[in-house]
Structures are given as structure tokens and as C-alpha cells.
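Quick heads-up: structures coming right below.
First chain A sits with chain B, and in the next complex the same chain sits with chain C.
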Partner chain A sequence: MISHKPQTDFTHPIIRSYSRRKILKLAGAGAVAYTGSLATACSNRSSSSTSDVPIKIGVLLPYSGIYATLGDSISAGLEMYLDQLGYRAGGRNVQIVAEDTEMKPDIAQQKARKLIEQDKVDLVAGIVSTGVLYGLREYFHNNKKLLICANAGGNKISRDMKSPYIWRSSFSNWQPNWPLGLWAYHNVGNKVFMSAPDYGAGHNMVDAFAHSFQSAGGTILGKQFTPFPSMGDPAPFITEIRKSNPSMVFCFYSGSAAVAFVKAYDEFGLSKDIPLVCSGFAVEEDVLPAQGSAALGAISGLHWALLLDNETNRKFITAYKDRTNVDANVFAVQGYDTGRIISNILDEVQGDTSATSRMLESLHDVSFSSPRGPFKLDPKSQNPTQHVYVREVKEIEGKLHNVVIEDLGEFTDPGDNSLG
Partner chain B sequence: MNDLIVQSINSIVFSMLLFIMAAGLSLIFGHMNFINLAHGSFYVLGGYIGYTMISKIGSYWVALLIVPILVGLVGATIEFLFLRRLYGKHRHLEQVLFTMGLALITADIIRSNWGTYVVTVKTPLLLDGSISILDSQFPLYRLVVIGIGLTIAVVLWILMQRTRLGIILRAGVFDKNLVSESGINIQVIFTGIFGLGSALAALAGVIGAPLHSLYPGLQFEILVLTLAVVIVGGLGSLQGAFFGSLLIGIADTFGKALLPEISLFLIFALMAIVLLAKPMGLFGAQSN
Partner chain C sequence: MIERLDTMYQRLLSRNILVAVIIVILAIAAPYLANTYTISLVIEVLIFSIFAMSLNLLVGYTGLPSFGHAAFFGLGAYIIAYVSGVNDLTLSLTNNILLTLPIVIVGTGIIALIVGSLALRTDGIYFLMITLAFAQMLFSVAMRWSAVTGGSDGLIGIPRPEIDLGIWKYSFESRTAFYYFVVTTFVAIYFGLHNIIHSPFGLALKGIKSNQMRMQVLGYKTLNYKISIFVLAGVIAGIAGMLLAQFYWHASPENLYWTISGQALIMVILGGVGTLIGPVIGATLMRLLPNITSTYTNNWQSYMGIMLIVFVLCAPNGIMGILLKKLKNNR
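This part shows the complex of A and B:
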């Protein structure tokens, strides 16, 4: 959980105006700080000189519902990066205005309008769910507003639904899974049963894995698409999987569904006989403590791992743990890198956020060393080019972690559906 | 064949969890004519308090005993302070608004106390194994859930059919005024029913925690299923809650096994069919 320390500094640059949390915050120790930051925001708005007016970054994330942890982690990563810059970029102060999408496309639509039309934010970042991203695409495209997607991996946004105004700092759903399918065929087994939630991301991930796995010569014994957002009791699904007697199971789940699935997979005894190969989110650091030993041995593909050995990552995970008291996860990394990309853009235009075309231009050659390794934005897919790692859940000093067992190299989304 | 048997056991496990929830909601619905959308909140509250208690004192069984009593007292207090101001024939909208508000407040209290990470309660050590059913490994704890569910069904049945309190409760479903005019303090009965209903929800929460974990949003998921059970079974009927749970549990499990993409839809289709055939639910009182 992210701790909300009472702020005595009245220039605190984050406004969270989603209402339910506001009530809690007012009731709690943060009340003084909250009204303080509101007051600062109001006085800033009335200021006349542009250089004094802070740049506003709108943040659209789920802070409630089953992906609340993802929203919290992305927020924490983003805030941490901006905090390291003293909330300054492009020669101006930077301020965050956050809204809760509740993971619902219609609510996200309202909140996006509120941020852009009422709060007059300069650009927007966030978005966890593919459904929400697809729903917002037209609005951002038509209004020529920049959106940096910090999670939702829907392939279409790098392909036929591409917009010059929407760039991704996270991944495409194709990205970690296509390389994993190929690797799994050569290293794990040749008959797979696949299980994923029945929504855009679930289908994308299954298709990508299936494409490379089948091209290599593997057989798909069955696919199972489970209710989303919640799968309810996972027992019936697990029983169906066992019936097909595969040599491995591929799954993609995230949040509470990942915990339910992986635990039941172990309780019903499948983990002993059938290796579980999954999209990295299913055993990521946010769910691993709850899964416990049930996740031991699970193999997954992802663009980051907590113990990934590079200097940026070592610094990042230490700073993140100091700040939040929990281990970092891939979502926090994506939030952190989003902060970096945004500050890059703002520096490039010297804080002149009206120069939209120059801001978009600057995204074409973003390149830096991220906690995930070498990172650059690919102008064709408007999505990162990044390494994909095969990881295995192992116990290290009494705690479970994803340990990198192979670096599969650099991958870029193909930008079309030719590879699944 | 083996899978059919294993899936049937799966469905009964899930049904029993639903039954413990639905029995409480049905009591409150049927007897108090009160729509309680906060019932799922008592479930998660039970789960989270149980989680804390288990990690502090290390005993699942103590939590199983104490948490329902604690949450039951919370429920009774809420009834005493607030709900009794909302009783009446045409006040369902106010009840819905109030209990919805209660559910949202509970969600935020849980968020600020326990955070948004998924938490799991470890299966009690004694039951942390599995037994072999027809070559398939089946978790022991899930079988115990069936036992607990059946025990609660029997205890509640005795309470309703064989005790004076049960007679009063059953009479209340048909005619509250008559009960009240017979010199029975209906206010006290209401407080007790709401407390009992909340306690049952919390009990389900503690039992369900090792099965389904705890996470933000769970309370509304479980509420929707429980409402479906109570509507299918009929308001205020213990048999209704029991057989309604079985029906929904079976529909859910076999829906997931055979047609996973439309499994949630199947539950509501079943509900619609039952309502077309029997508008008051399978065991619903004909009057009201």
C-alpha cells in the first residue's frame, strides 16, 4: 500500500480529486495537507505569467476495483520520478491531477473530459485496462491531446487503431508473449492448454503465444476464456484443464484473478505434474506474496523482473522500497518510465505545452536506460522496443521472487497482425 | 465421468459458501422486508478481520468462532442506530441508498486499513492437504466447507422449525403486525435478525477467504451472486436459500466448465426462467 504521509508542505504538487478517497483523506490526518494543496492549485491558476503556472499532468488510473493495486503502483512510480526532479520539467513546475477510472470505459470517458475540459491539463498519462484505452482513443485523437499509456497493452493501439496522439510507455500484449511461446516450445513442452480472461488483453496474449508456439510445431489442446473482470470460483476451470492432460499450461491473469488461478492450480495438484508458463503479470510482485508457495516454479515472460541486474534497476528498487515500504512491481516501473518520458517531452519544448507537434516529434527519439534495461520508443508502433525476459519463481532468502533465467533479447511490436 | 463427479463436488462447495451468505440475506429480506446491499460488505469485513486475527494469534478456528460474533455485533449496532429509521412499506429506495452508502464506506475503510493488494488467508494447517478422488487430487479444505455448510443448514433449520424464536421469525415473514400485536417486541427481534444475518455473512467471509482471497471489489461480486440465490430461492425461506444456492452453484460450475464465455450470463438466465415460472421464487411466500 502506498502510504499517504501528512504533508506540511503546502506546495504539494499532487491533486487527487477522485471523490471517495477525498472523503477519507479529509477525515484522516491528511486533511490539512489536502486543503493546502487545493489552495495552492487555486492560487496558481489565477497567476498571470505562464512560467509560474504549473504544467498539469492528468492521470487516469483505477484506484478502486480489482486493478486498484496497479493504479496505485503506477501512480507511485510516476510520483517518485517527478519527485526526484523536484516536480520541475521544461523549466516549469509540474503538477499531477489524478482521477479514478474505476476500470470502466464510460467512467474513464467522463473523467478524461473533466481533466481536459475543466482542469485544462496539458497532457494525460495512465490507463490500465485495454477496454478503457480503446474507449478513450477517439476522444484523444479528435481533440489532439497527448496520451501516454502507462499500462494497457491492447495490440490495436500499435496497429490499426494507432493515433499520432497516443504513445505507450508500457508494452503491447503481443510483446512478452510471442517470444515466450517460441521459447516454451523449445524448453518446456509441445502440447499446451491456454487459459485467459475473456477480454481484449486475454485474447491478444493467447493469440501471440499461440502464433509462435504453433509456428514452431506445437499443438494447442484447448483454449479457455474465463469471465472478466472476476473469474469467481476457479475450481471448475482447473478441473477442465486437467481433463485435457497437456504438457504445459499457458495463462494470463492479473490482480486477484491471478491469485485465485495460481492458488487453485496448486491446490488441485496440477503444479506438481504440469508446468505453468504464463504472461509475467500472473506472477508479478504485486500478487506473488498472496500466491505464496503455490507460485513456486511458475515460468513467465515479461519486460522486467525485480532482481534484474542493471544499475538503474538496483537504484530504482531500493528507492521505491524506501518510499512505499513494498517491493516494486512492473507497473511501478512503467509509471516511473512514464515520468521520464513526460519530463523528456517537456524539456524538449522548454515547457511550452502548446507546441503539440514538437512534443509529438520529440517522442520519436526517446531512448534511455530503464530499470527494465535498454528502452526506446519505436516510432512505427508508438510502443517501446525492449528486452523480454524469461523468469522463474524461486525462493530467495525466504522470499519468493521472479528470477531471470534467460534474456530473450530485444522485441518491437510488428505493427500489424502478421505474427499473431 | 471422473470429471463430472469432481465438477459436481466443486459445485457443492461453492453452493455451500453461497448458502451461508444467502441464509443471512434471506432472513433480513424476508422478515424485515429490508433491502440490504451491504451484505457483501459484512462478508469482506469478516474475511479481513479474520485475516488480521489469524496473522496475530495464529489460529484459524478461533477466528472462525469470534469474527462472526464481532461482525454480528457491528451489524446489530448499525440496525439499532440507523436502519430502524428506514423501515416501512414504501421506503425501499431509501434502504437501497443507505446500504449502498454503507457498502462504499466499508470499501474505503477496508482500503485504508488493509490496502489494495490481494491478501490470502492460509488454509488451516490441519486441512492443508488433499485427498484423492478417482485419481484426481482434491483439496481437503474444500470438502470441509461442504461439512460446515451442511452443519449450518441443520442448525438454522432446527432454529427455525423447532424453537419458539423460529416460530416468531416464520410468523413475521407472513404478518409482522400480528406478531407485534401478540406482545412480542419486534424491534428487538429485528436487531437480532440483522445481527444474525451479518454474523452469517462474516462466517462465510472467514470460510471463503482461504478459497477466494480478499481484494477490492469482492463485496459486490459476492453480493450479486447472493441476490441471485435469494431471488431464485424465494425471500425469507431457509429451504429457498439452500436449494437456490445449489441451483446457482451448479449453474455456475457447469457453466464455467462447458461454456466459460457465457457462464455469468447462464446464472441470470436461470434466474429469469425461475422467475417466469414462479414469480416469488422456488420457496417464496405467496402473500407479501
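This part shows the complex of A and C:
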């Protein structure tokens, strides 16, 4: 009987990241689901064979290499959301099959083929780096498979490289930075020096900030693009910044480079005189502990903050901390919302994942209250319409956190390069 | 040692015509026997085998330790991206393999000639450093010159090749068709290299590897030999890069990165330096093992590392070394 299928699948590799307790819980859910689906088999539009087999969600994330923390956080957020649903959506059981992409486009493509062609997953979510996203674009487009991008922010995928099969639950690189540029001109200073790593995301973020900052009347004293992925010694870059004598500095870094840059910025004494305004990732919760007091006072723009005051977020951060023993970060939020979007689509098609066009159609109306605040998907850019917040790193009860100092309102990616 | 292994392997090959026939039938029937994912793994393994075989011409047969072979691999990928890619940065000239293949060959050949003429004036560790530096230079260009190379995003929209004779047209668009295209290319290169290695030219290369001074005294212009093989190795690596870009529809700066050069070196050493089939075995292992192990554990890199250490310690002549030794003992 088909009823064996869910159980046998629990030996599948995904379970590697699960504790024994979780496996038992899943197995229990599987058994319940099986009896449940027998009862509803007659009323269900799809054949009983589809409703017995769990829906498989393929996950492509880096679990090794410099982006491993991001991959783990997104995974944890996604699993937490699905767990809250008892791994059920659209009247069927849901199962995750995860694969490690590192940050290599070729490995990612190999893994995508494995998930879709061998494991027969119904849709895929994940993707941390833009290079990987662009490398996978043709594969998903040509094979007409749905990909929900839970991080990589490359603007092009919302613009000239758009595919009807690729939607994003995270952000476009333009999104948090364009509003921040405008705000910074009016609130921080009118002469900026910009620093970012020399790769796609760095250029996207600098261009967005520069566009609104210049349009408002600000002056850009200089831009520096540092080697990626490893910046090396930050000293020469910090010296270049000081020489230009700006009224503020804009930067985007993430992971270990963010730690190195922000610490050096403080050690060379710049943080005392020149305010640091950055893309939120540079001082996000995943790097703050390592940056320590060097990050104090840093101002950043992002679509979420740990201490963002709304009910969904309060519940989310508590549940996440209980589950993982660490504070949530923006990547976990994106994973969590990805789970929500997926369950929305699956409910909409009543678990019939063969109805690709209806699944795509249902993405147009996705709207809910996320830990980030009101969240909806924009059908034009296939990217979220969401609020952007200005945050400042402050010490609260002995720990550093990003505190929201202003809600800049709702923003949607323009869908073209007209605004940077 | 290597020579003896190689002649033994020769005898082995001629004796096993039956095995060869079976392999050919399997290769032809594969798309009908295996699922599409397996076929895509085979395509990848074949492409990296071609790449590793080309590096083996330098490392195994001529004794030139190149640590920058990814340069030509990546060049092949970027050249085909420019010529055939449908993208706002590319030229989108033609996708006819009868034109694009010569362009890739000439393009990588010219660059290999220039680099080879300079680098081959040095030896050993210096040669290794120069090839590495050249490849890293290309990598930096690909990363930083985003207006032309697409930067870290690479170039997308590379189509699968087609043959266009004006009156007759065939596209290798489907995976099965592309598989046959890659298999044919692999077989052609394999037997092409087989002939070259056993020609007087190939023997001269082996002579250079064993004792360059003696070859020079005998009147061989060893530099010319080395430049020729460097160009040939570069061109074949370029073809492999072209195939990979067409397979992925994407050329990425990763293709030029030193880790790809390192991976190719490991493939050659693991499989067996100085044998034709060795790099193919090495490429198969190096592509398949991480793919399988990373599904089961996030610490797969550690296991790969341990495996490599064990191999290097226990099988200094690679897997082919073990196989041939065993065969000799049995006889």
C-alpha cells in the first residue's frame, strides 16, 4: 500500500538535520495524515494517490562555507513555520528535502537537478547568493518549476531577468537602500563616502543608495569596492575613507567581512566623528555579537528588526528563541515567511501541485502580516512589497540590538533600473 | 614506471574489445535506461573528464605542474557566452557549433600560446606560480569588469548548440541530444589524445618529462614541444568549459577560480598521473562523491579531505596505479 511511502521517506537524508524527537513527531503526523486522507479521499478533487504522498519541498541553501549561518537560519525559520502547521498544507503532508549548495552556481545546479529529477520535489525554496540564483534561473525557467527565493537580492531577477517561475520572499537589493539614501540625506549628512564588496549585491546596494541620495541633492565623495569574498586587511580602505573627510559613510557588508569592517571603522577612530549608515545586513543580529561595542550607534536600513513592535514579530522571536536557543535574524524571518507563502499556495490549489499555473496565479494575491509588518507579493516585480525601517544599534539590557528609530513606509521594487 | 604502466594499459585496451563494445552500447542506450538526473551527472562527469585529461597532458605526460588550468576552462565558457549567449552584454552572433567551436578553439589557443610562450620559460614551482597568477588575474577581470563580464553574476542565457548546414539544421537542445553531443566530443578527444600520446610527438613529451637536458642534447627544441602541448591542453580545456557553459546555460567567474584548477589537479592525481583513463576515473570520483556525501552530512568536506589524504598516502600512482599493479600480480 501507498501508506508506507511517508514512513519510508523518513529515512530520507533531510532527516539528517532533525533531532530524533522531531522525526518521531513527523512520523506521528504522517500516520494521522494517512488516516485523515482516507476519510477525505472521496471529497478530494485530486486522486487518492496524490493525497497520500507527501508534498516535497526542495530546499537549496548553503550549509557549508561562509554563508552557512544564513542557510541554517533560513532553514530553521522555514521548518518552524511548517512545524507550527504540523507539516500539513493543502490537505496533504509536507516534507522538506534539503541540499547544500555551498555558494557555487555549478554545485547548486547539480543539486537542483537532483531535487527535481530524482527526488521529484514539487517546488523549491532557498538560495542565499545572487550568483547561485542567476545560475539557476534558466534551469527553473526552462523546466517550468516554481522557485521561491528566500534571500538572494539581485535586482535583475525582479527586472530584466524575471521569470514567471521565480518569485522572491526576501527583498531586492534596491529595496532597503533607496529609501535609506533619501532619509540619510535629510537626517544624517549631505556628503557621503561609500564602501561595499566588489560583487553584484555590493554594486546593487551602492547604486540604490546613491540614486536617492544624489536626487535629493547629496554629494558622493567617493566609492570603494573591496575584494570579495575576502576583504583582507581593511586598514587601507579605512584610510581612504578618512582622507575623503565625508559627513557620513555608507557601507554594505555581511558575515565575517561585516565584522572586520565595522570593527576596523571603530578601531581607527572613525566611529566617533563620522556616522556609519549601512545596509541592515552589515549590523544584523548574526554579526552583532562579534562586532560588540564597535557597532554601537550604527544606523541601518532593513525590512525587519529584532525589536520591531508588532504582535506577529513578538510571537515569532519568542518561538524562535525557544526552538533554537539563539535570537532570530532577518534570514530566519525570510525562511519563516517562505514557509507561509508555500503553505498559502498549497492551500490555494488544495495540495494539487501539478496545477502549476494555478500555483503561480495564487502568488499574485499573497498578503499577510509578517514579523516584518504588512507583507504582500507584488505581481509586477515578483518581489515583496514591504516596510523599510531605519534602525540604530543600541545596548538593551546588556546586549546589542537594532532598535527601530523610524518606519519609512512601504516600498516596492520599481521593476526596472529607473531608480538605481 | 609510468611508461610501463602505460604499455600494459595499452595491451589491456586491445585485449578488451568486448568490454569496449559493451561500453559503447551502454553509452548509446543510457538515456533510455537511466533517469534524467543520472544522465545529467554523466554529462558533468564527461565534461570534467575532458578537462582533467587536458591537464594530464601537462602534468602527466610533460611534467609541467600547471596550477592555473581553470583559466582556459573559464575562457572557453566566457567565449561561448559572448558568441552565442542571448544577454544584453553578449554579442549573440551565432549558435552554430560549426562556427562556435572553431572560435572557442582559436580563442583559447591564442591565449594559451601567449601565456605558454611566457610561462614555459620557467620550470617547476615558478611555472606553477605563473599559471596560477594568470588564472587569478583572469578571475579578477571577470569579477571586476562587470560591464563586460557580468561581474560576480556571470553571463546567462547561453543556449545549447545546434548544427546548421543551411539546408539541414539540428539542435542539441534536449538533454538526451546534448548528452550524445558530449559523449561524441569526449570519445573524439579521448582517441585523439590516444593517438597523439603514442605518436613521436607524444614520446618526445615523455622524454622531456624524464630528462629535458638529454632531449635538448639530442637536438629537440623542447620549448616548442612544450608550447605546442600547452596550447593543445588549453584548447581542450576551453572545449570542456564551452560544454559546461552550454550545459548550465551560464558562465560564472567560479569557472576561472583557482579551486577549479585545484580540483582538476586532484582528479589527475587521484585517478593516476600519466594514464589516459586515470583522469576520467578521478573526475568521476571527484564529481560524484561530494554530490552523494553532501546529501547525508554537512561535514562532507572533512570526509573528502580524509579520503584524499588516504589515497595520496596509500596509492601514490592513483587508482590506475593500484588497478594495474593488481593486474600485473594476477598474471
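In this text, the second predicted complex is superposed on the first by the 372 of 420 C-alpha atoms of A that agree within 3 Å, B and C clash if a C-alpha of one lies under 4 Å from a C-alpha of the other, contacts with A are read in each partner's own complex, and residues count from 1 in each chain.
Just so it is clear, a residue touches a chain if its C-beta (ideal position, glycine included) is under 8 Å from a C-beta of that chain, and two chains touch if they have at least 3 such contacts.
Everything numeric here is computed off the predicted structure, so don't read it as measured data.
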Overlay on chain A: chain C relative to chain B, clash or fit: clash
First (chain B), second (chain C), both or neither touched by A:K114: second
Chain B versus chain C as contact partner of A:Y320, first or second or both or neither: neither
First, second, both or neither for A:D100, with chain B first and chain C second: second
A:G154 touches, of chain B and chain C: first, second, both or neither? second
Touched partner set for A:S64, first chain B, second chain C, both or neither: both
Partner chain(s) touched by A:T226 [first = chain B, second = chain C, both, neither]: first
First, second, both or neither for A:G200, with chain B first and chain C second: second
First (chain B), second (chain C), both or neither touched by A:F252: neither
First, second, both or neither for A:R137, with chain B first and chain C second: second
Overlapping segment of chain B (options 58-66, 94-102 or 202-210) - the one that collides with chain C in the superposed model: 94-102
Where chain A meets both chain C and chain B, residue numbers: 63-64, 68, 198, 225
Touch list for chain B against partner chain A, complex: 3, 6-7, 10-11, 13-14, 104, 107-108, 111-112, 115-120, 122-123, 130, 136-139, 142, 211-213, 215-218, 221, 225, 252-254, 256-257, 260-261, 263-264
In the complex with chain C, residue positions of chain A that touch it: 13, 16-17, 63-64, 68, 99-100, 104-107, 109-111, 113-114, 117-118, 130-131, 134-135, 137-139, 142, 154, 156, 160-161, 198-200, 203, 225, 228
Of chain C, residues touching chain A in the complex: 35-38, 40-41, 44, 88, 143-144, 146, 151-154, 156-157, 244, 248-250, 252-255, 290-291, 294-301
Contact set on chain A toward chain B in their complex: 1, 20-21, 23-24, 28, 63-66, 68-69, 72, 198, 224-227, 229-230, 232-233, 235-237, 239-240, 242-243, 255-256, 259-260, 263, 267-269, 286-287, 289-292, 326
